[in-house]
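Read from first to last, the chains carry the letters A, B, C and D; within each, the first residue is number 1.
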Amino acid sequence: MKTIRIKHLLDSIADRGRDFLGLGEEVRGAAECADLCGVLVERRGVASGLALSTDILTAYAALDEPRRLAFFERLRADFGVDVAAIEETARACRQEQTPERLQQLMELAEPRRQELFRRLNAVPGGTAALVRMRADLLRLLREHSELAPVEFDLRHLLASWFNPGFLQLQRIDWDSPARILEKLIAYETVHEIRGWDDLRRRLAADRRCFAFFHPALEGEPLIFVEVALVGAMADRVQPLLDPAAPVGDPAAANTAIFYSINNTQSGLRGISFGDFLVKRVIEALLDELPGFEVFATLSPLPRFAAVASDALGGGAADPVHAWLQNSLTEFADPLAAMFPEAGGTGAAALRLIDQRPATGKDLFGAVLQRLALAYLTAPAGGLGGSPDPVARFHLTNGARLERINPFADSSEHGMKIAHGVMVNYLYDGDELVANHERFVQRGEVPLSKPLARELKRFAGAD
Amino acid sequence: MKTIRIKHLLDSIADRGRDFLGLGEEVRGAAECADLCGVLVERRGVASGLALSTDILTAYAALDEPRRLAFFERLRADFGVDVAAIEETARACRQEQTPERLQQLMELAEPRRQELFRRLNAVPGGTAALVRMRADLLRLLREHSELAPVEFDLRHLLASWFNPGFLQLQRIDWDSPARILEKLIAYETVHEIRGWDDLRRRLAADRRCFAFFHPALEGEPLIFVEVALVGAMADRVQPLLDPAAPVGDPAAANTAIFYSINNTQSGLRGISFGDFLVKRVIEALLDELPGFEVFATLSPLPRFAAVASDALGGGAADPVHAWLQNSLTEFADPLAAMFPEAGGTGAAALRLIDQRPATGKDLFGAVLQRLALAYLTAPAGGLGGSPDPVARFHLTNGARLERINPFADSSEHGMKIAHGVMVNYLYDGDELVANHERFVQRGEVPLSKPLARELKRFAGAD
Amino acid sequence: MKTIRIKHLLDSIADRGRDFLGLGEEVRGAAECADLCGVLVERRGVASGLALSTDILTAYAALDEPRRLAFFERLRADFGVDVAAIEETARACRQEQTPERLQQLMELAEPRRQELFRRLNAVPGGTAALVRMRADLLRLLREHSELAPVEFDLRHLLASWFNPGFLQLQRIDWDSPARILEKLIAYETVHEIRGWDDLRRRLAADRRCFAFFHPALEGEPLIFVEVALVGAMADRVQPLLDPAAPVGDPAAANTAIFYSINNTQSGLRGISFGDFLVKRVIEALLDELPGFEVFATLSPLPRFAAVASDALGGGAADPVHAWLQNSLTEFADPLAAMFPEAGGTGAAALRLIDQRPATGKDLFGAVLQRLALAYLTAPAGGLGGSPDPVARFHLTNGARLERINPFADSSEHGMKIAHGVMVNYLYDGDELVANHERFVQRGEVPLSKPLARELKRFAGAD
Amino acid sequence: MKTIRIKHLLDSIADRGRDFLGLGEEVRGAAECADLCGVLVERRGVASGLALSTDILTAYAALDEPRRLAFFERLRADFGVDVAAIEETARACRQEQTPERLQQLMELAEPRRQELFRRLNAVPGGTAALVRMRADLLRLLREHSELAPVEFDLRHLLASWFNPGFLQLQRIDWDSPARILEKLIAYETVHEIRGWDDLRRRLAADRRCFAFFHPALEGEPLIFVEVALVGAMADRVQPLLDPAAPVGDPAAANTAIFYSINNTQSGLRGISFGDFLVKRVIEALLDELPGFEVFATLSPLPRFAAVASDALGGGAADPVHAWLQNSLTEFADPLAAMFPEAGGTGAAALRLIDQRPATGKDLFGAVLQRLALAYLTAPAGGLGGSPDPVARFHLTNGARLERINPFADSSEHGMKIAHGVMVNYLYDGDELVANHERFVQRGEVPLSKPLARELKRFAGAD
């Protein structure tokens, strides 16, 4: 069965509706746009409502940035709640709580903006327009924190509409529509896709790509993950990205490496899909390739170089700095031998990392591994004990930190953000729940046995 | 692209999650089920969340009616709002309204139930389970009005999730899957479908059937409409339902008669799709058959016989009764001639309608038409001036009352509810907005010219 | 991508073409129809060709039986080959064989009918029309053997067009279009489908149905097979057909029973699909249910009762009769004890089978099994040594005769054709080629070990 | 319903079949391959047949060119017909023609190769393999004309299998699978597609692309046409090809320009699809855009420059040369004025064309138009009176020569083959049949009125 699309209906009704409402041909300006919003939330009646919604979205799209700001300001000021009425009704409820009063309280406590956004969502393309609207709002919010309640309402609704239960996992391959494929090229930011030949290699027989779609945003991947099917846990990313690499036989592989995960919609920032995606992709892979045994990532450490530089150059007063410095005690002698003039371990390590001397590759790698481990287990990393957003994502998901690969990404970008270090997070179905709980409840980073030993060496902990 | 379904994932994670949470193999009883809900809304973490949600829905499905009542009672008592905190925060807001306080107020004002329902919705089948849960709740609500706030929250979320922007219009025909077709047979209540041969006729070349589907309820029509493509506005329904009627050529037709509209999900009662459906179906028909000129219904009057009986047998003190009695003044003489003993017009009309004497068919028809017109335009009919739910639906949609057909439905059911009367509501794109506004804002029933003249005759109005 | 269908093109071109060719509005009669065929094969030019083809097929469809006969007679007489020219060219070739002469010979040797049929096939619906035409031809052929060359040409082309490489295997289930499902009801002849409820059971979770389709006959199953997924090789068919039987779990089953195979197109008689079907269905089942171990049929013996009756009542001169009679020697004593008056074994066995005495069930079953084994291995059964068409089909396919079930089909039809006996043919991938070769090359019926011992008992052979 | 694919079946059966037939693991060499073909055509039995076919196709694919030649030589020598038997049977038929004898004659007259090819076609991928085989054969045929009978048989079968009734027209756009789109880039030879950005422009909203597919060659376009939707009949091709051209609104257009038609399969050379394609594409366009009025091509003249050069430099003895020279008589004076030293008109015209002097653009254009008209209407052009293959294609289709555009293709290739001249062939539904008949039966080139006047001017004909 083919879904039938609405087309002219809104045009014709909108024309009549516009006449009836005494509106001119075109709506201009933020004030008029907000006035229309007022009419929309007050009015019953689907016909004029659809017409109005279409007009508002069209008018909004034509506003420039200052006018959008003015429009949101109106949404903030005029489409919020009546706090006095809430207070009064809450007091009445407290005295005697009847179902009617409770319901009234809830109705009062919902900003009129929410009904407005719901009505705007009813027209074709409405969801996409609201997602774009939130992207605008997030941008404006940086300098206009007073818009936070408006953003809160929009996020609240989008989170409800993009509930994981409504997301559809689809595999993307070389048989997918070009219209979708070109979006992968545009959206990939972790490891840039350099044109169609590069893309074709990433969709070849020994690669997989999956994305979440939402029924109201047709043909628009919300998040996608790229996976390499290989024979062992990858420790370098360049071989995975090489467009000229020979295509392997997936039947001969047993390891799935998630080497790139991309969110695509800035208007959906903060509405999390990734945790569901990883688990459903593992499931889909197991369905197709029941013999696969290892599901792991090859992930970047986006802030490692910056944190390491701060820590090694900074004082030991900061507990994170101290933690990183302390992790290198073991390397004091060889570092001093190499850079006698640098004095302390930290400065010598920094010099080693910056100069990367050809003769010290082993030392270089060992120091990087140690530092990265310290960075990922640093005590004051906020949520879950890790200062790294990618780490937090996978650890919250229930993965464990499996291996630190010091020479994993030789690209300019990889060298810049993390001196080439990447890590494998391992997803082990038997551990996911326990790992998740340890990390989220107690801030512990689950580690592989070698890394746990390594940690013990410098942390002294058990 | 084929959407990939989640399958074993939840099973395996759920097992681990259950162990970790120290849950037994099976959850029994309303209390334990509600306790789990408490854990679910408190916990971060997708893995255990999915496991918990699955457990809760499974456990709920196994509860009997008294235990479901107990479960909802817990949702009411323990998953609501803290009105004292709301009152306090509202007061603080009133004194100084910061974005933070406002956000806190909104968070406080949202019952924890809503987050609970959203998390339950995240698992496969979650939406369907919540729709069934609301059907239970509506049933229980009749005798347990204190559950209204729980129902309010569930309706609120379902209305948001079943936003018209997310509904997909699909044509249903003889090429549709049998799994969907058998649901039409089960769900049709306006004019019963008597098996597959009857169904085949209703999906033949001169018929159309459209339904709204929601992506999260696959293969489940939410509402469907049956349409006959004919050469003139139908005044009798039996020819449209006759399985043996010859199949007409749609290219030779110019009139679409909507002769049956059915909502299918009792758990979605009160969440309106019908108004959108009618307009989108008209659009779809125009797309396929651009030459079609007339879009009208052949609709029942579900409460006509009951209201007429009350009015004609009752006193004139009730304004609706007086209105109906008064409408028959014109027929006083012929009615008195036929039933001299019945005295007043009302009693004589009642007798005529009940006895249906063979010699008085013209009079019978004229009286029914007049009474039906009075019934549909009765002044005190509440919303929009009509006591009839079907009338209210179409008039709110912007249709006009076009024609009253006294001998339209000869079935037992049709005779019982409305003495065989059915009416045509006409959808004219040029009038929809104006009709809607007249009806909704001023309670006026838009009428065709002949009916307007007829109304003037007994109402004296202009 | 949706395939785009041709629609009005032929109409408009056909009109012009008809004018141009000086044809009237309608073609009537076999002669005019055949004349048009003559024009069609002579003319180059697609435009007028399509118009002509459409006219011819329309005209043919309107002919009554005698006129169809006359039409085919013309195809025989006027669209064949020029044998004198063939003889002459063959002689020239024999003298000196050049590529040109050879090509000329082949062109001469192809009846003009073949080019005619190919051109008729080019219009939409052409293939279906030719299949219907052959059904007519096969019917007429019974009394008009002179039409054999016409039928030969049509079969030759259809066999080429319905080459197994072009057939598409599709699963049919309750999600299939009703338009296809109703055809299963119509086409099933082995075990009648009694309406939609019966059909639904045959498509439930523990059943499978597969069909071959051809791209040019959309929505038309050419042959279909019904399979039951069960826990052990079925020995009775009624439990498999019972609409009220509880639905089993396919994951708990390991045996697939092919209990009904139906060819649907009489116009494709003699063009074999079944052998490919069985193998591809086994493959599809293994794909879905890799743990399945047993693939067997539960098959009727369509001619068993008739042959047994002839044999037991006839003389021993006929080798088949002797073989069947001889197979019962072992049962001489018990049969004589039961029917002393019947004298010889044969007559007593016949009486046993006809009367089916309640006290002799074991004997009855043993005699039926023995006789059926003799019937299926009778020496003079023509192709492959078996007189039974179903047996020949499966044995040619490489199956082996696994088991004979004496009380397998208690239906009236089953009792009539085979006294209730059905057999299991087993498809064992490891044996298919060897079995096939043994049967086809040497006429040996591959038997299970118990049946081989049984055969040895009365045949004395090794 | 999804078509189920055969996968492992053949592997497993093939292994057993190979054992049974006593074949080694691998078939090597042309002789062994041809021997297997002999076994294949003799044997009944699907199982071993499929195994054999797969082996043969695999073995063939591994043969190098000399071995393929040897293989085809064997097909020619050993899989042909027995001409003596044909002669004898034809003689018998001539004496008394019975259905049996006739059938025998036809069987004798069909080379065994045909049955061989049919059996090879039965395996998955068989059709594609045979198409590739014919491509090889056509290449070898150039130097080995004795293989013509083999090629004849293969072409005969492929023509039957690629009967227009089996072809599926599909629109290709930016939503099509990348796997198909990359083939357009590879196959386009008329106007090269320079990468994906170029391709995206050719599939934009004001362009259309359609292709024929065959069910047995999935995802493989057999022929495709590119169409521009514009406001007037295009006289230059570069604007149509410009990737940076603004995208027009198809609703504002009324003219469809077919600017590129490509056959893609060298193995299907000589099996015509193009005539059907053009008509079905016009039909599909009319379905989508009912207001379109003009359907025309912008076509190259592949041999124009070569023929013109020969004609103007050659003697007047050749009638085509004379015709072209004569067509320029009118331009004698201006040409002589410009090139007094060149003497006759022909030499002056050649010089004009070669030098393309800046001051003579009008004259240059006029001469080119005149010469092109003469070229396209030259009397001795073989089939249909035209020496140009593209012209023959469209004229045979029923188009008329509408306009000659002297400055239509400024590309290097366009200048080289036709001095930049391109022509519009117009498809007018009302004329197709008549034009086709005039051209095919009488060799007349249908011309627009201006061109007809132009032709009269130099040809003196009526």
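Quick note on the criterion: contacts are C-beta pairs under 8 Å (C-beta built on N, C-alpha and C of every residue); 3 or more make two chains touch, one makes a residue touch a chain.
If you're wondering where the values come from, they're calculated on a predicted model, not measured in any experiment.
Asks: Spell out the chains that contact subunit A while also contacting subunit D.
Replies: Per touch definition, common to subunit A and subunit D: zero chains.
Asks: So which chain is farthest from subunit D, going by the mean of the CA atoms in each chain?
Replies: Farthest by centroid: B.
Asks: If you average the Cα atoms of subunit C and of subunit D to get two centres, how far apart are those centres in Å?
Replies: 40
Asks: From the C-alpha centre of subunit B to that of subunit D, how far is it in Å?
Replies: 60
Asks: For subunit B and subunit C, let me know how many angstrom lie between their CA-based centres, rounded off.
Replies: 52
Asks: At least two partner chains per residue is the criterion; list those residues in subunit D.
Replies: Within subunit D, residues 176 contact more than one other chain.
Asks: Go through the chains and record each pair that touches.
Replies: A-B, A-D, B-C, C-D
Asks: Would you mind writing out the residues of subunit D in touch with subunit A in their complex?
Replies: On the subunit D side, the touching residues are 174-179, 181-182, 195-196, 200, 219.
Asks: Mind listing the subunit B positions that touch subunit A in their complex?
Replies: Checking each residue of subunit B against subunit A gives 1-9, 12-13, 16-17, 19-20, 44-48, 51, 80-81, 83-84, 86-87, 90-91, 93-94, 97, 99-100, 102-103, 105-106, 109-111, 118, 121-124, 126-127, 145-146, 148-149, 152-153, 157, 159-161, 163-166, 168-172, 176, 210, 213, 215-216, 275-276, 279-280, 282-284, 286-287, 396-398, 429-430, 432-434, 436-437, 440.
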